[in-house]
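Read through the structures below before going on.
Two complexes are shown next, each including chain A; its partner changes from chain B in the first to chain C in the second.
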Partner chain A sequence: MDPEHLAQLESALAHVTGFIYPNEVELHWSILIVIYPYLTGLVAGAFILASLEKVFNVKELQPTYRLALLTALAFLIVAPMPLQAHLGHPERAFEIFLTPNSASAMAMFGFVYAWYLMVVLLMEIWFDYRADLVRWRQSDKGVMKLVHWVVSLGSRDVSPAAVAFDRKAVQFITIVGIPSAFLLHGYVGFIFGSVKANPWWSSVLMPIVFLFSAIVSGISMVLLIYYVTTLLRRKELDMKCLNTLASFLLYALIIDLSLEALDFIHRLYESEESIEILEQLIFGKLFLSLTIVQILLGTIVPMVFLAAARFSELPDEMKRMIYFVAALLVQVGIFSTRWNVVIGGQLFSKSLRGLTAYKLELGGQEGLLVAIGLLVLPFLILALLLKILPPWEEAKTSPEPSEAPLA
Partner chain B sequence: MIKSLLRSVIALRTWIRGWRRGSSSRKIPTQVIQLGVIFLAVGVGMFLLRQKFVPETFGDLGHYRAAAVAANAELELRYAGWQECAACHPDKVETKNASFHRNVSCEACHGPASDHTNRPMRLRPELPTGREPCLACHRYLASRPTGFPQIIEERHNPVRACTGCHDAHDPTPPESIQECSACHNTIARSKAVSPHAPLDCEVCHDTPAEHKMQPRAHVPKKPFEREFCGTCHARDAQPPEVIRDVDLTVYDIPRIDLITHGGTFVCWQCHYQHSPEAR
Partner chain C sequence: MSQTYDRRKFLAEMLKFPPATIVLGVIGPVKLLAAAGDDDDGYEPTEHYYAMGIRVEECIGCGKCVQACKLENDVPDEPFYFRTWVERYIVYTDGEVQVDSPEGGIHGFPPVADESFPPVADGKEILRTFFVPKLCNHCDNPPCVQVCPVGATFKSQDGVVLVDEDYCIGCRYCIQACPYGARFLDPRTHTANKCTFCYHRITKGLLPACVEVCPTQARVFGEIGDRSTPLNRMMRMSHLEVLKPHMNTEPKVFYTALDGEVR
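Showing the complex of A and B:
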């Protein structure tokens, strides 16, 4: 055995308590697998937020519609990267498309991803931006002219009929997109929920819990990005939009917390043989990340903040500061939710008699630096997307259409 | 949401009707054609990639390359299989197949024997010696199933080869304590893996024959003084050399000075006599 690996194993052994099987000393799913559901959750959440404006006609959220779509795209592009870094050999990833294996949920992820990326997100963004792209191209100069020409796929038609068709297409894709977004993140929950050998994961509620935590994370991330980009552009924040975002974030948080509580109470009431080791896990290894960070700082405190700011007579400046802090806390909370699921589920032995520890490396393929890189990358991609496809109100070349009449 | 869905469906239907009737909106919108070209290109690309990269026999038998079976079959054989062993060693295989080792293949202990079956006289299979080959399965591990024979090697007849007492082809324990263990099972099991394993219960407990019939009325005697343990463990003691056919001279029996060791305590206040840990 590799001496370095042996030394790692030895240091991990020092943190083992009770009895565990030899292959459980080291965790196989590292921080990269924590990042994967975190990123996909943000994608699904941001898309569902965008759909609120288009499908559910929440007009207050109009300033964040395009921003939410671009956020979803930026995070979606990075979402499979942690998996590829974890598995190695990214050049083989396309093989799952060549030989589809419908018996493997993990292998089908490629298709869920491809459907969501190509049929839902890219098409919706393309139809929504198409007319603008054509018009921007006319006034563009240099590289940007070429970029906009490529992104518009050489499209030229900006006749009222074509633009009307774009709007209908966007609406139709959004409607298809909602179940697709549910599928994307519900699927991630399904992967964990279907591991029947692991009592911490195996729950039919898992896809639904994942879904609502995705909505929570998506809304709070778009709120944060809207806040920061507006300030950086030295523009005025739309308080109506922020208030509505805060309201939806609060409602989603309430549902998310209720579902988690239901899951917890259900486990407690069932009291299967795993309950003792799970109790040790919750009050021992995960006490800080679950009880303190996820539940208290990541859920209850933001809920109190949001409710207090939303339904009080505080000045707008104060309100938006509170929204910002609450959204930031929600992000920390959601990240620790993913951590507690992925890492927590591997900390106890299948013998239900012992616990191990996760030792996060700094460097290496699955280390902290790669993880930070993968968390920063979506923001760089988003910055590029914002440059190519500015979602701001002043960049629009045609006014927002009035409600399309029923034919 | 239902309203929006309805609106989309109606709009789509209107557009399709108009296109069928040959009205001015008959033309497929250019953006749909552009997207269609992209999707077609992706589809054709995937088709070509499949043609190039999916192996010919993939999927013939299952979700794998069927030719892999033939490729594996062509690999050189190392294991001959127990049937080959039975052809020349029927007595051994018969004994083994009637014993607790009936599910253990010959080559699990003797190693890959394909070379031996091809050239029986020139290449001999391994003959496992010592304790290590048996300990691979019988070393004590908490995760082994309850009832599976396991030993703690330091305490179970240390240094003796397993085959000195056990026949590997019929590994039934050579002697198992029957009578006392019927009631004192926990003690018997502790003692069986302890350095006191060779000692009969009667060595220390003077047991009337009636005890088996009326255990409460005829209680066996227990040692009550330090000197009893000193029979074997005192510095100048001369214990018997053989007990129950076990040669005690190979053991390094711990010796103590009865006068100074342990003050006024009796031995069993510090040592559990059925599994004395001190060596």
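Showing the complex of A and C:
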């Protein structure tokens, strides 16, 4: 047996207060399982943001449409990695596809994921970029020519009819994509919300809370990426776009906070047998990460910042600085949200009589370094995607439909 | 554990099903199933349905059951892995309840008056104390089986919840889903592990190890049904309780004299 693992358990045992079942000393879902809903939330949120432009015709968000799609793809590619790394037998993971237990929420992961990646995200990106890919290929040289040829799957047709079909296809996929994005993250919420043994998780609101926190996280992440990439490319930030992002972020935050408050009040009012231990949890071990980081710094402060900047006469430079800081705080808050759900739900005993502790290790398969690696990886993948599929205005080879002369 | 009712055996039996169906009308279901099982010992899971009774009033907290279980089932020695354990409850006159289970109760419990035990505070008086042995409840409606993504944990025909360690992917969803803390991840195999009612013993007609060693017969093992067994007798004569009935897991470990404080 791994002596390091044992030492970890010994130290956890020393931090136990009250009574916990003896098998509960080991905390089973570690930081890797915190990262998983964090990443999928970003995927769903970024996609929903992208669909605002396509389906709901929010034209101000046009500069972030492709960026949001690529962001969603980059995070989606990494999303299953923490799950895989966390398995006791990663080599058996394919059994979930081969012999899924249809009663298991977790068994559906592979199918939801595959649907979202293959049918929604890749198809939408491909149709949206297809005409550009064909034209880029003609002017490309060297490796890029080959890359764009491969990505375009050899497609050549840029006739108006073909381009019109692309637009229709994108429209259609986005319409299918919105419920799919809801499914992707709502489903992650269901994995936790359906565990009746755990009173901190077991809530019918869980998928909905997850969904709105996903939208919050996706919008703020795209805002951050748009901000940074635009500055790095020494271009002008589109203030209209930033203002719209800020508005949507504010609205989503309001809904998110309301849902969290509803959940909290509901629990308090029902006051079930678990209320005492949950009270100890909230005001003890989770006070910093829940009350201070998630609610105050991650939700209320950004809401005040966004509202103040959005509806004031501040100069644009000032406004976007505030947006940036607010979005950054939101990211920290959302990560805390995931932490508080996943780790928080395992800090109390199912005997409802005691609390245990989680100590994050630095190294090891489930340590901090691996976690940081998994959080950095999507950005590296995004950087690569931005090289292959530049989402920028100046890279486009055909005018937007709204700007095109009417035939 | 060659006796477990595993996937391979199930498939093998399925293959034999078409010819067996023809025989069905002739010799009846019991003989058919006996013919289909190629197990030499003739054990027939459909003819059994197991459960356990625990008489809280008889348990003296000696911890022999915990020891026997660890030995019999090769459960890791460290005090973080238990297929069964014993909890001690101390209820004070002011309503406060104190629960402990030092190392799962494997070495018994220090006397309440002992110095190693937190002394009874001034002005406090003990109302009652008792021990509660715990183990997997082999629920009839098991949440662990429901959530297992690959079907590695399953309910056998004779009513025992088992884990196929060659199939378990180690996702630990079942551990999260169990309301009773009855499961752990075996640090050697990285798969879920739990009480099997000593399946390798009961299918040979022996008692589970914990029941075998219990000096006070606080644990009663047997079958539910019309057979005349000690368990059936206990179930007929006593007021029965199960743990966390509101979870609707339908446990098959039945307690007598279970205090409302026990969760």
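One rule holds for everything that comes next: the second predicted complex is superposed on the first by the 393 of 407 C-alpha atoms of A that agree within 3 Å, B and C clash if a C-alpha of one lies under 4 Å from a C-alpha of the other, contacts with A are read in each partner's own complex, and residues count from 1 in each chain.
Here, contacts are C-beta pairs under 8 Å (C-beta built on N, C-alpha and C of every residue); 3 or more make two chains touch, one makes a residue touch a chain.
Because the structure is a prediction, the values reported are computed rather than measured.
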> Overlaying the two complexes on chain A, which is it for chain B and chain C: clash or fit?
Replying inline: clash
> Touch check for A:196: first (chain B), second (chain C), both, or neither?
Replying inline: second
>> Which partner chains sit in contact with A:255 here, chain B, chain C, both or neither? Use first/second/both/neither.
In response: neither
> Now for A:172: first (chain B), second (chain C), both, or neither, which partner does it touch?
Replying inline: first
>> Between chain B and chain C, whom does A:351 touch in the aligned arrangement: first, second, both, or neither?
In response: both
> Is A:19 in contact with chain B, with chain C, with both, or with neither (first, second, both, neither)?
Replying inline: both
>> For A:162 in the superposed arrangement: first (chain B), second (chain C), both or neither?
In response: first
> Between chain B (first) and chain C (second), which does A:144 come into contact with in this model arrangement: first, second, both, or neither?
Replying inline: neither
> Regarding the shared-chain residue A:99, is it in contact with chain B (first), chain C (second), both, or neither?
Replying inline: both
>> On the A-aligned overlay, A:154 touches which partner chain: chain B = first, chain C = second, or both, or neither?
In response: first
>> For the combined three-chain arrangement, which segment of chain C clashes with chain B: 19-27, 55-63 or 181-189?
In response: 55-63
>> Output the chain A positions appearing in both contact lists, the one against chain B and the one against chain C.
In response: 19, 21, 95, 99, 101, 103, 351
> Along chain C, where are the residues that touch chain A in the complex?
Replying inline: 76, 78-82, 85, 87, 97-101, 103-104, 134, 143, 145-151, 167-173, 175-185, 187-191, 247, 263
> If you look only at chain B, which of its residues touch chain A in the complex?
Replying inline: 1, 4-8, 10-15, 25, 29-32, 34-35, 38-39, 42, 46, 49-50, 53-54, 58-59, 63, 142-143
>> Which stretch or stretches of chain A touch chain B in the complex?
In response: 19, 21, 54-57, 94-95, 97-99, 101, 103, 118, 123, 126-127, 130, 153-157, 161-162, 165-166, 168-169, 171-172, 175, 178, 351, 404, 406-407
> Given the complex with chain C, which residues does chain A contribute to the contact?
Replying inline: 1-2, 5-6, 9, 13, 19-26, 28-29, 83, 86-90, 92-93, 95-96, 99-101, 103-107, 109, 191, 195-198, 346, 349-353
